[in-house]
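Notes to accompany the following structure.
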Amino acid sequence: MFILDHLWIIIALPLLGAAINGLLGKNFSKPIVNSVGIGSVALAFLSFAELAREFAQLPAGQILEPKSYFTWITAGQFKVDFSLQVDQLTIIMLGVVTFVSLLVHIYSTGYMAHEEGYYRFFSYLNLFVFFMLTLVLAANVVLMFVGWEGVGLCSYLLVGFWFLKQSAISAGKKAFITTRIGDFGFTIGILLLFWTFGSVDFVTIFKHLVGAPPDAAASTGVLTTICLLLFTGAVGKSAQLPLYVWLPDAMEGPTPVSALIHAATMVTAGVYMVARMNPLFSRAPVAMFVVALIGALTAFFAATIGLVQTDIKKVLAYSTVSQLGYMFLGLGVGAYASGVFHLMTHAFFKGLLFLAAGSVIHAMGGDQEMPHMGGLRNKIPITFWCMLIATFAIAGIPGFAGYFSKDEILEAARSGPNANIGLWLLGLIGAGFTSFYMFRLIFLTFFGEPRYDEHKVHVHESPYNMTVPLILLAILSTVGGWVAAPHLVGGTDYFEKFLHPVFATYAPAVAERAPEALESPGMMLFHALTGWPVLIALAGLLVAWWFYIKSPETPKKLADSLRAPYTLVLHKYYVDELYNAAIIQPLLWISTNVLWHVVDETVIDGTVNGVARVARESGSELREIQSGNARSYATWVVIGAVGVTVLMIGLWGMVR
Amino acid sequence: MSIVPISYYLVLSAILFGLGVVAFVVKRNIITIFMAIELMLNAVNLAFVAFARAHNQLDGLVFVFFVIVVAAAESAVGLAIIITVYQNRQTLNIERINLLKF
Amino acid sequence: MDFITQHPVLVVSLAKIVGLMFVLMTTLAYLSWFERKVIAHIQSRWGPYYVGAHGLLQPLADGVKFLFKEDLTPPGADRFVYILAPVLALTLAMTTLALIPFGPPSVQWLGESTLIVADSSIGLMFVFAITSMGVYGVALAGWSSNSKYPLLGGLRSSAQMISYEVSLTLAVVGVVLLSGTLNFNEMIAHQGGNFWHWNIFYVGHGSFPQIVGFLCYFMSAVAETNRAPFDLPEGETELVGGFHTEYSSFKFAMFFMAEYANMITVSCLATILFFGGWLSPFPESWTFMRYLPPVGLLALAVYLAYDTVVLARGIARIQLIVVTTGALVIGLACLHPVVLAIIQGPFWFLLKVGLIMFFYVWTRATLPRLRYDQLMSFGWKFLLPVSLANLVITALVKVWPLLVNHG
Amino acid sequence: MTLPFIVFFVCAILAVVGALTLILAREPIHSALALVLVMVSLAVLYLLLGAEFIAAVQIIVYAGAVMVLFVFVIMLLNAGVEERTDYSKLAKYAGLPLGIFLLLALAYWMFDSFIGKQIANGVGGTNASVSTRELSAQLFQKYLFPFEATSILILIAILGALVLAKKDE
């Protein structure tokens, strides 16, 4: 039970690595930087493994008390400990984070090999891992928020890693500021949470909720408000409508960063948060519906945008957004386990996709435009196969990880406790689009004739330290889903079973639903294989094949025939322009003409300068007293003494 | 053999203290001003001893002891300072040592 | 008149003071004679010889000379201070003796112990207080005579006195620790017994022989009184006469007497602190020893008588006869039990003091004068540490039993 | 009119005279001597109050050490007659009156508040002088820490004086 008692070790290790690399790395040689960076994360992963082992030995259904290491803030009865907590959800998140980040670290040694500020990159990555682990392990909202903001910071640093590139810088700023908007809501949510429950510890809050009749702990209205506010944070962090705009731009950062932060871990923080807060959400139906709705809409719209993108990473970015949308859909319809499950599988295959894309870009010598590629499948076979597997997974081809998770979500949306057919439909179409644009990507990239100049670009397979992570992830993307498979072919869902305590312990009492009649396994397998998702996924595959292999001119014709919607989608629904016009410009105007010229220059500067002037004037008057003649000083002393004496004699007289 | 009332001592100490203050403001010679301070200290000591006697407690005497010791230390440092000042300014008149001003 | 009857102490004190003054004056006068004689004999000369038998009237002659010399006051001298200085010096020097017990307090008259003018419970402190004031005499004299040599002399001597006062005090504190009191009589009583009970020798339970202390004390005392080999202030070779260069006639005599008075004081102090004061060195049981004083005097008388017979010169012979008869009478008087009882203390006390005075003269006659920097470094770098060490050791020895008992 | 009163008044008058001389004398050394006079008479008053030890310390430290130091410095710097400059108008016009006012105020206050009061007549104030033993007991037990602190203070003072006085090459 060592790690269980010393959880801090897990998060301390990456921090240590970050510190060493960041402070001393400048003079380190690459091997040292590698060993420090990778070593710290690897140790973290090992300690996670040990933790999992110890956790497995615990008696079933035991809920561990948070471990408080020291009191962090105390103000009145507002008390925040630096306390960490482990439960099944945490275990899963920990596993995903440590494992993926380990792989990404290894991958980066190859991908970033020739970059300036190599040590800087690794120290940032370690820092990110530290904050992510803090976020995951935190036992109270405030500490979670620290991790939350920390990962935001690291994302900012890493997106703007090439800080000589203007676009990178602005992308970093955009990412940070956009998420800040969401975090604002999150902050208010936290305050409201404390105001309502008088505590910020998850366990305390949940204990308040559980058992008490709906309005005893907090009225549904308040709960809804809290949940919505918290969800705003999630929307910002996980790039949901309407705050998803930063994620595509964040692709300016190095590809490993996109893989780790903007696909596998950070963007899923919102999902994790909602899942963590499930007792609250479960008690706020409206909020739940909002979550589901936002999720579904995002899933759909992002997918549509993804259809026409030509930048390989942009496509992946939008697919990430839409996949996150699926997760929220899953959470929203009450299938928390499914949402988290999709989170996990998505971490695998999307991480894989990004890394593979990175490998492609690596091979193409930095070119990201798909129209310039084509016919790469023989040149970089490993990458090709890995990417293909990932595509199958995300498209939901049966047997691959994504299939199970996404299918569970859609199933829940169709027949779950709070099912909603409209959302299901959106999700379904989105799934179709997903498979379409993914296969479009595959076909454009790996099939057909090379559309690049053979002489300029020397396509080559990536080194082992890049391909090995790909392979590992590919394996996981393949088998990763089977932990939940039996649910579909009858039997029990290990994953859900594992997570059950988290979502059941504090769940609201619901009328026991009659278990739907179990059909025969074979029947169920048939259903599973011919379910709508599968069909539509295959449809997407076929359409893509038709468009980009069979008759490549069809898309153009289609685009010409559907000019208006095409341009609309091509310009991402003009969302950026809309925001620019609706928010940024007015904000700029106000800041310039009101805050700057009026408030700052007139009011604040006026006050400060005024104070300064007063001080100067009075000083130049008063300094005359400092004649430098000690006798005058002496006389002043005597004057004071006389004053005191007179006063005291007066008091004495009064006393008598 | 009757005792002198404490009040006499107190009045005397008050007078001496006052004279010390007067000397403090009237004199120009640093050393003399320093002496004026010593005079005030002495006056206070007298009051201390008188009260100690009046209340039959030794604390007053102990305080006098401390006052004397501190005064000794103070005079040692002060005179050293005076010497240094004199070496730099060739004067002891406090009104001529007025560089430290606005 | 009833005022006096209210306060008999006044009468007694007055009487004692007058007596002391009389004795002191003559002693001072004859000390100079003594010194000159001793030095002379050490240097194998005769010394004062012609004024009276053995130059016994020399002091008288000197006094007369001083009185009739012209009393000069240098121009530009600060007259008030110039006069104040010698008065201060002499007064303070003589005041100290008021605190010295010449005999046991048991000897009383009108309920007041007779052989000490003022028996203070912290006599030692007062002695130091007054001696510490002694610096003024020298310093002011040097300053007020408005002349270079005296000024230098005054500065030197005051510096020297201040520095050596420290080690002087420290050397004495050891004794204070041992006897646990500041009162002279108690100190002496504490040394009661035989001569090996004196502080300088006594090695007993929680006691540490103060031999080192005594040596430190003696050296500091010599310096404190500006005597050779530490007589820098009146280092004739460099400073002509030191601080009293400009003084003449009776003022000079006052300084002269002050110096001797100081010598007497420190000697008395040494006697009290280290040599058991007025105690006789022999155990009480040796009653016959109580007859030592009269016997000694009678012996002296016999010697003088012989002298008288041998030396046949006019005035001198008459004078010798007078002295002889005086000694005879006193000696016989001492045989009377009452007088005998009274005389014991003073006899031994004065004997010891005389011995120490002899040491004084001896050193002066023997040792050359130190250089100024040597003097200072000796005082600060040698004497002070040694006396400090002595003090520390004494304290340790004193508290050792306690420490041991408390484990 | 008994002996203590005579002693008291003599000393008191001497002290006041000394203080006045300190103010009026133009020669610094005269002021110093006057101050010595004040201190000595105060010491006698301490004796009268039964504080023998304090009296002795007063003379040893103040008259014997501190004032000697003053005289020494005066001789060293050969401080002449003080020049009665009046650059500080404030001191010239306000200083003396205020000082005198303070003197009178304090004296009156003491007189008014203590003359004929119980405590002021020395209730319990016997003639017995304070034994040095008790005093030292107080000093080394109750006030041990301040005592040590002052010792350190003195050490620092010595060092400071040395640093100040030493010629900087």
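Odds and ends about this structure:
Order as written gives the chain letters A, B, C and D; numbering starts at 1 within each chain.
Basically, a contact is a pair of C-beta atoms (placed from the backbone, for glycine too) under 8 Å apart; a residue touches a chain by one contact, two chains touch by 3 or more.
Quick caveat: nothing in here was measured; it's all calculated off a predicted structure.
For the pair subunit C and subunit D, there is no chain touching both partners.
Farthest from subunit C, judged by the mean position of CA atoms in each chain, is A.
Two chain pairs, A-D and B-D, are weighed by contacting C-beta pairs, with B-D ahead. Once the centre of each chain is set as its mean CA position, subunit A and subunit D turn out to be 79 Å apart. Rounded to whole angstrom units, the spacing between the C-alpha centres of subunit B and subunit D is 6.
The mean-CA centres of subunit A and subunit B are about 75 angstrom from one another, to the nearest whole unit.
Separating the CA-averaged centres of subunit A and subunit C is a span of 100 Å.
Within subunit A, the positions touching two or more other chains are listed as 627, 629, 631, 634-635, 638, 641.
Looking at subunit D, one finds that residues 2-3, 53, 57, 65, 74, 76, 87-88, 91, 95, 98-99, 102, 106, 109 touch two or more other chains.
Within subunit C, contacts with two or more other chains are made by no residue at all.
Pairs of chains in mutual contact: A-B, A-D, B-D, C-D. On the side of subunit D, the complex with subunit A involves touching residues 87-88, 90-91, 94-95, 98-99, 101-102, 105-106, 109, 113.
Within the complex, the subunit A residues that touch subunit D are 627, 629, 631-632, 634-636, 638-639, 641-642, 645-646, 649, 652. Of all the residues in subunit B, the ones that touch subunit A in their complex are 21, 24-25, 28, 33, 94-95, 97-102.
Residue ranges of subunit D in contact with subunit C, taken from their complex: 2-3, 27, 29-30, 33, 36, 40, 43, 52-53, 55-57, 59-60, 63-65, 68, 71-72, 74-76, 129, 131-132.
Of all residues in subunit B, those touching subunit D in their complex are 1-29, 31-32, 34-36, 38-39, 42, 45-46, 49-50, 52-56, 58-59, 61-62, 64-66, 68-77, 79-84, 86, 92-93, 95-96, 98.
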